[in-house]
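Quick notes on the structure that follows.
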Amino acid sequence: MDQTRYQVGVAQLKKIDGVGGEKVIESLKTIAPDLGNYIIEFAFGDIYPREGLSLQERELITITSLLTTGGCEPQLDVHINGALNVGILPEKIIEAFIQCIPYTGFPKVLNAVAVAKEVFAARDAHNQ
Amino acid sequence: MDQTRYQVGVAQLKKIDGVGGEKVIESLKTIAPDLGNYIIEFAFGDIYPREGLSLQERELITITSLLTTGGCEPQLDVHINGALNVGILPEKIIEAFIQCIPYTGFPKVLNAVAVAKEVFAARDAHNQ
Amino acid sequence: MDQTRYQVGVAQLKKIDGVGGEKVIESLKTIAPDLGNYIIEFAFGDIYPREGLSLQERELITITSLLTTGGCEPQLDVHINGALNVGILPEKIIEAFIQCIPYTGFPKVLNAVAVAKEVFAARDAHNQ
Amino acid sequence: MDQTRYQVGVAQLKKIDGVGGEKVIESLKTIAPDLGNYIIEFAFGDIYPREGLSLQERELITITSLLTTGGCEPQLDVHINGALNVGILPEKIIEAFIQCIPYTGFPKVLNAVAVAKEVFAARDAHNQ
Amino acid sequence: MDQTRYQVGVAQLKKIDGVGGEKVIESLKTIAPDLGNYIIEFAFGDIYPREGLSLQERELITITSLLTTGGCEPQLDVHINGALNVGILPEKIIEAFIQCIPYTGFPKVLNAVAVAKEVFAARDAHNQ
Amino acid sequence: MDQTRYQVGVAQLKKIDGVGGEKVIESLKTIAPDLGNYIIEFAFGDIYPREGLSLQERELITITSLLTTGGCEPQLDVHINGALNVGILPEKIIEAFIQCIPYTGFPKVLNAVAVAKEVFAARDAHNQ
């Protein structure tokens, strides 16, 4: 295992996805630990720390890709939290989903907004 | 037909997609003119002029959604041109595609980069 | 907001999707009211009232598109109800899903039939 | 090989897809003849001749499913021809594609309309 | 109904998917019995018993296709069980999912691994 | 750049995809060289050399995933060649595609078989 990439990845994962990201990695420990390592080393160690896009732009792109793929509600939950963690306002996340309507149709946007609604509510409840 | 939405849409379409967008609308005139109208009125009249995202952010989101859907190479061509037209640098477009790797896999990213390569070359040739 | 398109859309939405459609719009009020407006104005105000296809044909096309996209079970629930509301018989809905087998494979058809089974049962329970 | 299903399927294939369908089967003879047989026996022998939907409804459902899947332009070509062969008017095919906009977004609809435009032109040229 | 194909299919279904497959067919009896028949006759009667691939290879291909389609968690459950039933080790199923990362991205792999985790746990609980 | 992962990846890429894979990497040099590096380091350096699946099994899984995604014809070309390069017989590749019919429907299988037909013919021409 490449310690440098792994350490960079863990730091990025914490900064972006926080508890949600760590839970995903934790849940993989008994079943597919290498999958967790690749997420940390490749997605968060290689891709996220690159120059050329801000973290906010990377999260905008990520939640767009997840909405468009469809069936990725658990990952949308993690990355809507990630988008909020790096400072994107809730209204902007909704606006990004609305921008997708002409390209994906309404149903996938409705599914993504439903996840956002739950994420926003959970964070509001937690902050009270 | 709603003249206001239509006029706003035409202006947006020209600003963003330029000649490429107009060609799409033109090609629909004999076969499905209403489809062209809906693209202008709804996509470019209702969605693009909304507040909450910059035009650059809207184009980043659009090319991400097209890459992720797959099989939308003609539309990627139009919107990579659109992204450049609103001031996104070529390197940033490539960086956005690279950010998608963990979420879509390599093949869709390769297809999108191939379209970008042709678009960049065509614009370079035209500018010489 | 375009009152005419909106009013046409609301009337169509009520006729087709009934309570289910209104619940979707209602659920968007606190999180993304514009998304609800676009569904009413564009999907139900612009597209559904067009000539050229009967409402039954529009619902057949819609449930086919939702089945084929996949991951749209909540929308399939609304539009299977919509199909029944505009007079399509349950057996015909199942037959439409069976027609998709050669084009989508069995899994997506199985998922759609599972939603239909629940919708038919819920309406039977309600009618007793 | 089940002669009855095969013969029913060949007759259906000829009636619906005509020359286009036969070319697909012919092209498979040297590479994957069983695939051609399954298309005839299962898709056209088992599914198409079922009761419950008219041939026109089956073709409407098929072209909707192909548009929504994406990347199926060769099959859309065959089945747009099929839709015309069983008596669906060109305007109705376009209308069916327009009905998909809210569910698939514009890009897939644009791709399907482009195929329809070529099919209609080829048949017009042939009929002159 | 073709008795030979049906009987071959039922035998294959029992060997591969066991109780899970039979439950799927059973659940279709009141809503879409023909769909269950086609699964037995075509998928398990025509396709699975063919020469050219071992049953283990067929299940590897099937779970790969289901992971890649997305939104097919119920079918992945049945066929991860099927893969184990024909002698594929749990580690190899996970390894097959990991091989998909470069082609599908991480989210669909995470969803498939989550289903595998539940299937493995359910079988462990049952075997104790 | 991690020289070890890169060197392992280059060796794997040569063994599996041969000239086709090198052409892909070469074509990226002027537009997105990092994308080429990630394909080598991550896909071929991290994933392919893992234990638990034979190279033949990895290529079976890869072509299945590409067929199922759809719109990945250029990548199918490279990996059908890859499958042949690691010793899978042409008939077995076709058989793998046929196994996908129940899970993806016929159109995607037809598209994949069309690519295989061209690949097989090109290699036959080259070998004469």
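The chains carry the letters A, B, C, D, E and F, assigned in the order they are written, with residues numbered from 1 in each.
What we mean here is this: contacts are C-beta pairs under 8 Å (C-beta built on N, C-alpha and C of every residue); 3 or more make two chains touch, one makes a residue touch a chain.
A quick note: this is a predicted structure, and the numbers were derived from the prediction, not measured.
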Neighbouring chains shared between chain A and chain F, ordered by label: B, C, D, E
Shortest chain-hopping distance from chain D out to chain F: 1
Interface sides of chain A and chain B: same vs different residues, half threshold: same
Contact-richer chain pair (by C-beta pairs counted) among C-F and A-C: A-C
Identified repeat of the A-F interface (over half of residue pairs identical), from D-F, B-C or C-E: B-C
Centre distance in Å when chain E and chain F are each reduced to the mean of their C-alpha atoms: 24
Chain centre separation (chain A, chain E; CA means) in Å: 30
Separation of mean Cα positions, chain D and chain A [Å, integer]: 40
Chain E residues counted as touching two or more neighbouring chains: 34, 38-39, 42-43, 50, 66, 69-72, 75, 94, 98, 100-107
Contact graph of the chains (line, ring, star, complete, other): complete
Chain E partner contacts - residues on chain D that touch it in the complex: 2, 5, 34, 38, 42, 46, 50
Chain C partner contacts - residues on chain F that touch it in the complex: 100-107
Interfacial residue positions of chain E with respect to chain F in the complex: 39, 42-43, 47, 50-53, 57-58, 60-62, 64-69, 72, 75, 91-92, 94-96, 98-104
In the complex with chain A, residue positions of chain C that touch it: 24, 27-28, 30-32, 34-35, 38-39, 43, 66, 69-72, 74-75
Residues of chain E that touch chain A when the two form their complex: 70-71, 94, 97-98, 101, 105-111, 113-114, 116-117, 120
